[in-house]
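Structures follow.
What follows is chain A paired twice: with chain B in the first complex and chain C in the second.
Right, the complex of A and B next:
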């Protein structure tokens, strides 16, 4: 049984159908990307998984069954709507929220000190939360999500307001947690981070699944029958190549059906063309996202 | 530690360890002490213990029989002068505060002259008339003269015989149920205000979603309620101790109003029976408001409406004093928000019928249950509406409940 199993959930608010039919599983110890355009139903789906909303239909299993009060302590959640108690010192705020997750005070203090050091917030722990910058508050939110050492983390737009250094720090932490067997669901619009971090993804649009599965397999599915080539000179017409187009300084060679990339490589080397780059053309996740959402091409 | 207690402790510490709480804690006792103190100061300013002179040209005070002095007043000395010149000199020397002249035809005309530089004290004027009266009756047997001068000791008794008080007015003991009701009222309004602020704060800070994925809504609200009750008890116990110290000091000083502390415990019980569901009712409504509004400040302006409702009995209290059984008094005794103070005020002069207390408790309890139902709906509908106000109309639209 997977840590999260979601089967055909639906949810309406008045006349608006936020989630029409969404199903997915999240495997233990993976980073799972929940993607979709604004208003696709991602946040509603997350809230259903966390039992904040009751679904109109469908089933959710989390950590082996329906949500219960004791399971809440095993889950870390950073919602889309960020919030910390603004009028109290950062340390007190985070310790209080950790105590609500059932973390013993001594353990919470030790873990908190480690995280504050790592996230460069130790010298700000006595400041009121409202006195911290937006980036610092974002890091504090991430610490709050991790402080009670959950086995399942659901995190909505974790990279907002972070500079490149802190963004890398958060990515490192997430990868370390995955290595420790922690399961992470990440909802974000930053496709580059998804490509770097996620093992599998679910893309939803208008409340339904449109793409679901292993990230590499999905990219292969959308790669088409083409290679990317960079040379020092222009390319002549080549046998087995249907079309040659320029692509950010590279050439994209679309192959005929019975031609393999190896055939093209042989032809190029036989003609003494100096190759700076030769690779199977795989689209970026951003390109796949746009193709799926705008063109309805879900393969 | 149970999560409810963690929330309660957080709520308690967050409110109590603030400078503004000290002001809340001391404001009510200071206000009461100021009012009582001001009353005593004004009364003492109206009194003047300097002797009073008189020139008795009518010879009605030849024996100069002293009049008995009632209450806590010090007896004023009356000095007889042979001539007005002597009296005037004494007045100018500030040896006396005023002097009376009883002309020779006083018994026919009843006319007396009073001469003063500054208006004489009320105690002196009162004692002068007692002194004059007892001397006018000097040819009567002493007990008749004395009885006439002492006046009548009237006990006011309600029609059912359950409520009695001296004609000089209610004692401190008589007023105790009203004071207890006022304390409950202050407690209800203050602590429910804290509760509203505590709920609105979760929404304002956008922490609600994090908190409800850590604990259940019941634990959240239960913890906040416990914290607020603890804050209320802190207020109540502190106020109680201050009042007790004040009363003991007043008794020690011999202030008459505080000597009789006997009170009707059935009235206190009735007050408590109404206060408990009233507390739940107002608290639940404050939670409702807290989850509906977008900020604590907005919630406070809404909650001021409830304060006005609670104050209605104080505004129309004169009508109860004239007739504690009139229809306005009965109506306000049964309605939520007004019942607590109305019944306490009526009980000063009248024994409020048990059926009215029972109906009031039922109305408050039903109101409290309805308010809890409303609060739970508002919480589920409004908790994630950050920056948006939840409309009352939507609370009653059943299809929205799944949100």
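Right, the complex of A and C next:
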């Protein structure tokens, strides 16, 4: 049984159908990307998974069954909008929220000090939350999600307001947690981070699954029948190549149905064309996202 | 249970670290008591220095004065006056000389036609510093004793013909079952017509309770509203149940509110019980302790009720800035209780039919019953009925609000609707 199993959930608010039909599983110890354009139903789906909202239809199993009060302490959740008390000192705020997660005070203090050091917030722990910069508040929010050492983390837009150094720090922490067997669901619009971190993804649009599965497999599925080539000179017309287009100094060669990349490589070497780069053209996740959402190409 | 305790603790810490709460809850009553203490201290010191009483039978350090009796009325100096403090002169020349030398501080001239006109003259030096006009009674008392032919007892009776004014207010006395009304000013209440301060105590208590309810229940509303706005609520809902959250906040803020009310009532108790002569209260006046006990019971009941109603509004209002009209709907019965609580004792109608009904009706009883308690003796059956109804309403409204405290309502962006609010209240209760 997977930590999360979601089957055909639906949810409406008045006349608005926020989630129409969404199903997915999240395996233990993986980083799972929940993607979609604004208003696709991601946050509602997350709230249904967390039992904050009751679905109109469908089933959710979390950590082996329906949500219970005990399970809440085993889950870390970071909503997109910061959920911290603005008017109280950072340390007090985080310790209070950890106490509500059932973390013993001494353990919470020790873990908190470690995280504050690591996230470079130790010297700001006595400041009120509202006195911290946006980036610091984001890091504090991440610490709050991790402080009670949950086995399942659901994190919405974790990289907002982070500079490159802190972004890398958060990615490192997430990878370490995965290595420790912690399951992470991450919702974000930053496709590059999804490509770097996620094992599997679910792309939803208008409340419906549109793309779901292993990230590498999905990219392969969308790779098309093309190769990327970089040479020192212009390319002539080649047999078996339908189209040649320029992409940031490289050439993208779209192949005919019966032509393989090996055929093209043989042709190029036979013509003594010096190759600086030759690779199967795999689209970025951003490109896949745009193709799926704008062009409705879900393969 | 442990998590509820953490919420209670957090609410208390948040409240106690708010300067506005500290000033209102402790600063104001403490200041009032300190001011009273200061005034009493000054009075007791000046009392020791002794020149304030106007009772002719008392003696103290007096200025030496003279008199020229041209009417021939003064035959005796009252024996209760200190000897040598009123010197007789034959003529103005001698008196003027002694005045100039400082032997006397002033002198009176009682003209021959005094008995016809009742006029006398008082002569004092131009350079005389600020005088204590309190000594004029010495000559008045001397004249009175002589007018009575030296009969000190008769003069005393004329000087102060009423030693004890027994006031009776028929309606209040009847309500108290105290038809002779002899104790009207021995406790707070509008029946005491001779002392405005005692009469105003019921209205003061009604106002105090209204402010206290508003203050405490607004704290709960603000706490929920702030958590909704800064999205902490979403994080909290994944740590605790909505009911735990409501219970923790209500108990925490009720404790803070109760403490504030105890300080306020305590200050009222101290001020009126120790104020005595400083506040010009009759010697027999006391602020009964049972009023404090019943008031605290009604505070807890009233807070529970209005905090729940406000929490329900907090659960349904998407943004704090839109909450004004919604809050007004929740507190409108309290406003009615406040108006009746203030006005009824002033109109001496504290025990009329409407105040009696409103003191039993649970949405107004926390104010109106406290007003009636401080106005007169309330029959025990009315008190018990009022408490039972208040408790029952508390249970129903708390249950309804707890049911409203669902994530779906708490995180909804739907605008507040009074219709939806009352529908949920009625359905869930």
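To be clear about the criterion, the second predicted complex is superposed on the first by the 299 of 299 C-alpha atoms of A that agree within 3 Å, B and C clash if a C-alpha of one lies under 4 Å from a C-alpha of the other, contacts with A are read in each partner's own complex, and residues count from 1 in each chain.
The definition used in the following text is that contacts are C-beta pairs under 8 Å (C-beta built on N, C-alpha and C of every residue); 3 or more make two chains touch, one makes a residue touch a chain.
Given the structure is predicted, the values throughout are model-derived calculations rather than measurements.
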Partners on chain A (chain B, chain C) - clash or fit: clash
Touching partner for A:99 - first (chain B), second (chain C), both, neither: both
Chain B versus chain C as contact partner of A:56, first or second or both or neither: first
First, second, both or neither for A:290, with chain B first and chain C second: neither
Partner chain(s) touched by A:167 [first = chain B, second = chain C, both, neither]: neither
Contacts of A:235 with chain B and chain C, given as first, second, both or neither: neither
Touched partner set for A:244, first chain B, second chain C, both or neither: neither
Which superposed partner A:20 touches (first chain B, second chain C, both, neither): neither
Listed stretches 19-27, 37-45 or 91-99 of chain C, narrowed to the one that overlaps chain B: 19-27
Common ground on chain A, meaning residues reached by chain C in one complex and by chain B in the other: 13-14, 47, 50, 52-54, 69, 72-73, 75, 77, 79, 81-86, 88, 96-97, 99-102, 144
In the complex with chain B, residue positions of chain A that touch it: 11-14, 47, 50, 52-54, 56, 69, 72-73, 75, 77, 79, 81-86, 88, 96-97, 99-102, 144
Of all residues in chain C, those that touch chain A in their complex: 2-3, 6-7, 10, 14, 227, 230-241, 407-408, 411-412, 414
Residues of chain B that touch chain A when the two form their complex: 1, 3, 6-7, 10, 14, 201, 205-216, 384, 386, 399-400, 402-403
For the chain A and chain C complex, residues of the former touching the latter: 13-14, 47, 50, 52-54, 69, 72-73, 75, 77-79, 81-86, 88, 96-97, 99-102, 144
